[in-house]
């Protein structure tokens, strides 16, 4: 049985929510003050996800880097592995915002897309 | 000399300047010119590659580049002009702007109204007088962010961050993801300076220790930083000598506050607030010089760019009206008073015209508090009342009311944050 | 194998002044310094004051040099384009006890042949300095006490010396002296051996270590630390003159004065150290400055400080400024005990050492083609708008402002990097141009200066240093 104390980030109150779970199932959630917090802490407990933002090397421009983001939140455990992929990747001008730079990174179904523009 | 004529000139092409420009054009100003010292528009958001922008304005979570990208698109389609790579040297009391760039040399800009949107600079190591040596490896968090995200340059490998403001925490995450080791985030107050979500996603996620009620007491290292001494502080924020510990590191990042960059403003003789270090403005974001408006961090340091956008839209709109000669005639001035636990209010005063206006006053509290009631009162009238579970200086609050609600006999509105008994 | 007539060890104010003076003769002169730039140690961390010598020890060599040097600065600053101003100093007596000391201070000034020291009443002093402690009882006015840009003084002396044929070997540490029989023959350095007919020890903080290499151990250097505050140009409480405290035996005391660029300078402390490397500011030291200066200028606002720094005076033990020659190590000139008046006295010292060399037998005719003047890098922000525009038309890089606080352009930075004595580090650029000396202390310009240095020197950005070797700014590329 696992217990985690999760600080909810949905609203400025920042309730500390205690979540108990086992084998991929939630057993109890305590300390939340709204439904959004309940949902957030459950997700955070079972599969915490994070938007990853970083930069890739940009070729053909005065700017050396192109800022990128994951178009959806990635599993938190995968962030450093995703970083390794990002480090290996280069983008070439022209780049438009939302252009896919890495498709389906590490088989997550999530793309790394550009957030800026470069001619 | 190169001469440019325009209706509204905006100094600064960051989020504040961009929003003001778009708003000014939409209001009907013909020629709107942004003067920007960087090589591209976007301001500080160019280096803010992380998400957290647009939560309220667009109801989406965008990164910095995505956020300002939308404004640039609007600016382009509206025909807003910009002078890039151009530094403003002087804003004369008449509103005439003297700027310089490599292409045109010294350039005079004659505008009917001016919007100040220069943003802010960072508080330095020397401002907070940290004793010790002056080696390489001491950077303010913003400068480090620029180096990493725009210049492709890593500042160091073993980092101590002083200050738990948002930018310090964001940099903690950024540096960690790029392979550096963030030894600790040190915060002199006994509470987090920035948003809780950043503590979770930038520090807790990476097991970066947060040392509250601590400060850096000395920097060690001759050529390059070799480490810092960190000590606990007492209630008066004075270091407790016996608690001093040495933290080896090669880099010290400082996230110890932002200061509105008003050197140009001061020279124009507009009134500057001693509390915010920014121009005193009314609800039109107009300064004490009627042709000069101001918005964004140059007025007061904001946490959310969304609020900057709203303020700047007002500034742009009103600057346009002024330029077009359709600025409302002011009938009455209402002073604003900071009541209990209120550090400052922005705008600083209200110049009431004939129409009924929706007013939003932004403010910060002096100290964190739980279970409070926020009120705005004028004479006997209660213009606004709302309960809040938690308030803290790191998160901007606001009150809203209509000018018609202010009693005719009153010339003051007072905002209080009182603890529920 | 490097060969020269005169080898000067140390490129601080003394070394560079001697170099400039010797470059007037038909001589081969070399200056070696372990640092990567000219400027020395104490010469680049002081109160930037050109003293009159009013309070020196009468009859000493130090007194003679300072008193002789002070009047030279009007012409020197014009010839070499060094910012300099005779702001004058006041010496206010706040207590009755201090007031009683004034006659003896004036008398000492006279003994030092500084005759233009005047009494001023409290009323007169308060008119001169409205921010002075209103309890002032009276004081002295020393009109020729002046302020200068200390960095440009040394750079200008060096550049002019270089233009007149002197070679500068920087990042070159002297590791030993070569003595053949009873005379000096040269030095061993990290850049190899240098054969020299004459060797001058102008190594300041390290002059005792060089002296030791010559077999001379009759003194040692004990560094005396001085901590300083620099205040924002917009600080609420300013002074127009150098405001001096009544001096004590140990130090001139903690003063407040304007800098030539419009900041306020407050300090220094005087703390004896054994460590020549400890250049750290301390809480106690900085606080002591506040305590003392408040007695003179009660409203001084140290919260407006934009930087604090530390200098080490190369104090000699036993005390006293010495220019020594020896019979058993001929043609070797040892300079020691150059302390607070080192910056000021340098130009007179240069002439004194040149004469000393002649006295010990150096024969060299004067040059007929000595270049007396030196042109500074164009200072964009000081020019009229018209002249700024013309400059940009000639070189568009002057239209790109890099240092926002001090309005320094890329044109000036690139020029500094390519001068004959080049700025090769962030601090070298800072000292020559003030980029990074403003209120944001390099927060804005720093990242840009790093890239400009890498580009202009054609080196990877990881090799751009703050100052000496090891002070890397960037740890590596991100991608």
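Labels for the chains are A, B and C, by order of writing; each one numbers its residues from 1.
As a convention for this text, contacts are C-beta pairs under 8 Å (C-beta built on N, C-alpha and C of every residue); 3 or more make two chains touch, one makes a residue touch a chain.
In this text, all values refer to a predicted model and were calculated from it rather than measured experimentally.
*Asks:* Would you say A-C or A-B is joined by more C-beta pairs in contact?
*Replies:* A-B
*Asks:* Give the identifier of the chain nearest to the protein's overall CA centre, each chain being represented by its own CA mean.
*Replies:* B
*Asks:* Taking each chain's centre as its mean C-alpha position, how far apart are chain B and chain C in Å?
*Replies:* 40
*Asks:* Quick check: how many Å separate the C-alpha centres of chain A and chain B?
*Replies:* Computed from C-alpha means, the inter-chain centre distance equals 27 Å.
*Asks:* Distance between chain A and chain C based on Cα centroids, please, to the nearest Å.
*Replies:* Chain centres of chain A and chain C, defined by C-alpha means, are spaced 54 Å apart.
*Asks:* Touching at least two other chains at once: which residues of chain C meet that condition?
*Replies:* 478-479
*Asks:* Of all the residues in chain B, which ones touch at least 2 other chains?
*Replies:* Correct list: 151-152, 178.
*Asks:* Any chance you could list the residues of chain A touching two or more other chains?
*Replies:* Each of 55, 57, 64-65 in chain A touches at least two other chains.
*Asks:* Using the touch definition up top, name the residues of chain B that touch chain A in the complex.
*Replies:* 39, 46, 49-51, 61, 63-66, 69, 149-152, 177-178, 195-197, 199-201, 204-205, 389-390, 395
*Asks:* Within the complex, which stretch of chain A touches chain B?
*Replies:* 7, 9, 12-14, 50-55, 57, 62-65, 67-69, 76, 79-80, 83, 97, 115-117
*Asks:* Which residues of chain B touch chain C in the complex?
*Replies:* Residue list for chain B touching chain C: 1, 37, 85, 87, 89, 98, 100-106, 121-122, 124-127, 129, 131-137, 139-140, 142-143, 146-148, 151-157, 178, 217-220, 222-224, 250-251, 263, 266.
*Asks:* Across the complex, what residues on chain A touch chain C?
*Replies:* Against chain C, chain A makes touches at 55-57, 64-65, 87.
*Asks:* Over in the complex, which chain C residues touch chain B? Could you list them?
*Replies:* Spelled out, the residues of chain C in touch with chain B are 234, 277, 279-283, 285-286, 305-309, 385-386, 388-389, 392-393, 396-401, 404-405, 407, 426, 439-444, 446-447, 450-451, 461, 465-479.
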